[in-house]
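Shared between the two complexes below is subunit A, which pairs with subunit B and subunit C, respectively.
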Partner chain A sequence: MKRKHLTIVLFLVLATILSLSCSKQKDENSPITITIWHDKEDVVVDVIKQALEPLSPDIVVNFERKASLAETLKLVGNNPQTAPDMYLYAHDKIGVYVEMGILEPITNLVNSESIETLVPMTKTAATYKGKIYQLPIYFETLLFLYNKKYMKPEEVPSTTDELLTYVQNKTKYGHFGYIEQHSTPYYFGPWINGFGGKVIDEEGNPCLDSKETLQALAYHLKFVKYMPDETEYATVNTLFSEGKAHTTIGGPWLIPTIKKAGIDVGIANMPIINQTGKPLTPYLGVQGFQVLKTGVQNPEKKEAIIKILQILSSEEVEIKLALASGCAPAREGCYSYDSIKNDEIVMAMRNTAENAVPMPNIPEMDVMWTVTGNLLTAVNMSGKDIETSAKQAQEKALSLIENMK
Partner chain B sequence: MKLKKNDSFKCYLISSPSLALIALIVVFPIIYTFYISLTNMNTYHWFNPEIIGFKNYKQALFVMDSGFLKAIFITIVWTAVNMVFQMVIAFSIASLLNSPLLKYRRLYKTILMFPWAMPGYVSILLWKTGMFNSQFGLLNQWLTKLGFSSIRWLASDLSAFICCTVVNLWLALPFMIMIIDGGLQSIDRSFYESATMDGASTFCKAVKITIPCLKPIIGPAVIITLFTTFKQFDIIYLMTRQPGSQTGSTIQTIITYAYENAFISNNYGYSSSISIIIFIMLMVFARFSLFTNKKEEAL
Partner chain C sequence: MKKILTLVLIALLSLSFIFAEAQEEKPSVVEKSEETSLSEIQVQKPEKIVVYAQVPEDWTFPCLWAWSKDGQNAFENWPGNQMIKDDNNPGWYYIYVPGFVDSVIVNANDGSIQTSDYAIEGKNAWITISNPETVSVSFDSLTGSTLPEYSEMYSVFAQLDPTWENPSIWAWENETGKNAFKTRPGREMKQNADGFYSMDIPVWCDSIIINANEGLVQTSDIKDIDPSSVWLIVAQDATFEVSYVDPNAVIVPDIKVYAKVPSTWDSPCIWAWSHPDGTNAFVNWPGQALEKTEDNWYVSDAPGWINSVIINGNEGSVQTSDIRIDSGKDIYITVNGPDSFELSYK
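What follows is the complex of A and B.
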């Protein structure tokens, strides 16, 4: 009998909960909630939260950190129940999401001034098929770093041939004249771009067997011979932090660890490639806000998103965000502020960005990271013939790209 | 008879919530994956995929240069080698642990369980950087101290295969040792006493008593381990193919192959077809194993 009563009570509780949840209606005065996904450190998110505080209580912004943001977005990007309204991420996935049909052009949500005042290169990065899909906030490039203990500022090689001579003379007794993640496509970027080559062109055609790519691979290999066999991030970081590597190419994220290890690190211009007369030209990664189509379906949410983007377009907020992330602001006006002008790392990135190449944002690039990585591994680590490996990689890339369609 | 039918109906009725749950979390994903495998679902047809029949299967199985068949071959070799080593080593260690002369066996058993308690991801990366790294790895540190030149352990296919096998054994042995150890303890000691009185050798006792008695106990564990080894991804991928830290080895199992060729190109139709092929292979093997077991039981 007792059990019967308990069952009835439980059933009633369940029915009440269900009826309450189903009949939940939106209160007209309830705040608009905007969800933003990101993969950033707390220090960056705190700056955004602080900047958006004036919007409360009418607009509540929820930040959700997603470790595999890019992949998760593919699965839920068109579902209003589970997708975020906006996300803060790098520009290189824009093409994939546009082709999937989940991104709203940012120009529909911000005024033209917010776009015109951007560093031109960041605008290019955010553009796909003639439309801008990202509100760039800050950008990052690789920098030429050297250990001042071994190299004085006036001794920094200005050309790659000078660097090679230095490497040949100094790589001994457990020391390395120069190291980089030699078989990672992102770090090969400065070489291939410097030789005028490309991993993939704007139309999505792979260029792994082009003359420029072959030249870049061959010349790069001369340096690889003087580097450790395995050069993943941890090895490069450790060798430079322990003072065993004299120079490297690394991102701004490397600098805090190096400084913490007590290394007196210098930042210099990228050396000029003797054969082409162009400097090593790294990729440019632009971080910014992208808005999903599901986010702007509701007019009230759309209004809220416009207000959020307006705040995030201000120079003051972008300066704070850039400094928190250790990167360079995406808005030209920010560079007239002392806090930016006096920051050696930020200004070095700004200078490097003059020549940098935005990471391709077309969907086909997803495939190219893996194929180029395999090509570099074959040439640099397995000692395979450059021409044959490049040809095989080109065929593989073509077949995988065909497979995408 | 009528009563039995009612009973049967009641049984199904009572278990219907569980059956519905199983259908939802096990059967539905398989059916849905099969459906996707028949479509061209990719970046350009994400929300409007079209049915293209068995084109994805044809591409996976019959396009010889796709590397899928080579990956299947390596997967079979990988599974066979690992299973043989696991069985032999686990049986040897478990037998030693059950030796009546052994002291502190509980301590040894606890130590042997350590690799199982550690997260696989951590263990793999520890082996990769702590042992096999050519710059900082322990093996090369020893070699250098002994006056030899360092070796790139993960650079060639063969040495990478051996290194991955070592790591897999490190991770998988505790489970097999535990199962065999449990099996050994359940064998009636009187069998051995009778065999000793009949003058049987240690080898003879192992072949005629231990192994036949162990078979039904370790059978399910072997099947589970076989499936886990067959669809192993973490070890080979993290040791040799992780973006940014590739080592030069080109070994691919079907899972790493499927990941690199299907998932990176966002071709979910193609990757689903590979998943279904792997699923069918495992199902055929499971059916075959169960059939063999039943046959042996009948005998």
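What follows is the complex of A and C.
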């Protein structure tokens, strides 16, 4: 009898142990799903998917491409049911989302080395009110591009006055010495930054009527007079790709199309502005991962996101992402690799980053693009007085910012 | 006994596995050395070769058509590229072609007269033509030991006053004074079907003069020319207009895009581009706003070169998938939802 009882007890203990381990097995088998929104090309997302593959099957990463990611996030960022856990996007919307209260500081999720080894300007771009909200992965700047058929490397103007002389001599018969999207604020960036001006300062005060901005507008206008009236992206792209423009300032995204069109394109340093001694200084746009507060509310999800960010912080992954995107990696260590050192475009962007100005990431910048665009149109295309137009634009900006509050 | 036999079998099995692995490693070493020997044997083809031709007197503006054994053409269209008169070797014309060229045809008079195919197999060649059937090919130079300088060329087109006959072009590099041709009046220009005369000149030439009537009339110096196809219109008094835009080029006009969208789609826009090069018609998403017309269609202009569109609404938060269209035609799109639309050209 005792033996029989002992057997039953042992059986029950064994059954309990087995069922507990099965239960644990069953919980361990349920994957954690992390949703990442993005607006990137497949070639970029494929690199990320491949890098995160080792986390499978415990962590499943769901990528969703959103055409109007920035606006949609404003609508759903607070809703844990519809918001993503993370998103891959430019840094310039960080301020908007921080003020909405939806972003988690990235420093809560990555180790200090992941931040300290970044290219300094990318860390600046990712910082808002003293906290870092983005894990920068790669960045882009505008580049000075020239058609080697028309200009030898030694002939590339080193100053803007030299460029102006070149433009005056070469713009004729339907060819242009230099073109750019002259009335698009992003492309006016090199000029206003190079003169020491700003569209808006760090405290959210517009600076459209500052002395430096006025100087930039006046000098820039000298070049605009030698360009077509209409210089949207398609026009600039077409003119340069068809060999109708000798030089341009454009993004790295232009280069594949240009090369495909058979143009032997060269990349040079930005010319130095004679009046200030500073080079034309483009904006820096940094792409990286941001994490939503809703994504880290669940401890298991938080753990999963930490693991994801750890993988994405590696130099190898960042190099692959940068090369896939045609941009420059945000991590300093990447620049010791041959694949990066030997890439002319990437190294040109890295050099430009030394002086580039991160696009302002404060919420007030949201209204400045349109106001600045209207100012450029008034001055460049409608021939309006610079000082009057700048003053009007400044008043408009102040009014719009006031309405935001 | 059985135990011993089993142990022996196990040992033999283990040895055979080890041996198989060793065999597997060997091919990579063999492949590598094979690779090396193949690259050593492979003959490197030159980047460019020169083909010379001596043609009968009535063969005007000779051209060369050239191709490789695997069917790759050196030039886009028949009759190929025009050969260059060698001022240093009267009677001879030459042209540089890619090193992959294996066979050539020499032709003239706008391709209306030609030789048959001749194999040159990637070597400099001198082709002497008495008539289309009497041709000899030499791989030893018949024009001396010095080959002409290679230069990329660009085309100059000129439309001339009818009193300007037998035009020629004189070309030089302004900074150095280096001339493209040995003697004035320069190179005779070829008359084309569109009424323009043309001639190719080296890309290092940035200055030209168009002259005619045995050099009796000419333009002034036309300087600072980009090495890019250029069109001139020359008047009787030698004044001229210059353009890098072909005056005969067909300009694709804008098209109209008409769209009907679901009632829940506010402020519909069109996003448009050229596929597969990806050139966008508009700068920023969601693209150009469509304007409402009286009959409930929305409409917008778009460049005629686009072949892909997306109709979207609500500031780009709802949209169709990519819609491929025929370039140059007005389109009508009825959008029923993100995954459903009807496209027509009427």
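The definition used in the following text is that the second predicted complex is superposed on the first by the 377 of 405 C-alpha atoms of A that agree within 3 Å, B and C clash if a C-alpha of one lies under 4 Å from a C-alpha of the other, contacts with A are read in each partner's own complex, and residues count from 1 in each chain.
One rule holds for everything that comes next: a contact is a pair of C-beta atoms (placed from the backbone, for glycine too) under 8 Å apart; a residue touches a chain by one contact, two chains touch by 3 or more.
Here the structure is a predicted model, which is why all the values come from computation and not from measurement.
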Combined model on subunit A where subunit B meets subunit C, clash or fit: clash
Partner chain(s) touched by A:T184 [first = subunit B, second = subunit C, both, neither]: both
Which superposed partner A:K260 touches (first subunit B, second subunit C, both, neither): second
Partner chain(s) touched by A:N169 [first = subunit B, second = subunit C, both, neither]: second
Partner chain in contact with A:T33 - subunit B first, subunit C second, else both or neither: neither
Which of subunit B and subunit C A:K74 touches, first, second, both or neither: first
Subunit C versus subunit B, contacts on subunit A by residue: B
Which superposed partner A:G243 touches (first subunit B, second subunit C, both, neither): second
Which superposed partner A:N108 touches (first subunit B, second subunit C, both, neither): neither
First (subunit B), second (subunit C), both or neither touched by A:T82: neither
Contacts of A:E232 with subunit B and subunit C, given as first, second, both or neither: both
Interface residues of subunit A shared between complexes with subunit B and subunit C: 181, 184, 232-234, 238
Interface residues, subunit A side, partner subunit B - complex: 74, 78, 96, 99-101, 181, 183-184, 228-230, 232-235, 238-239, 363, 366-367, 369-370, 373-374, 377-378, 381-382, 399-401, 403-405
Of subunit B, residues touching subunit A in the complex: 42-44, 46-47, 59, 66, 129, 133-136, 152, 154-155, 242-248, 250, 260-262, 264-267, 270
Of all residues in subunit A, those that touch subunit C in their complex: 67-68, 71-72, 149-150, 169-170, 172-175, 181, 184, 232-234, 237-238, 243-244, 246, 257, 260
Subunit C - residues contacting subunit A, complex: 203, 224, 226-228, 230, 242-245, 277-283, 285-286, 303, 312, 315-317, 319
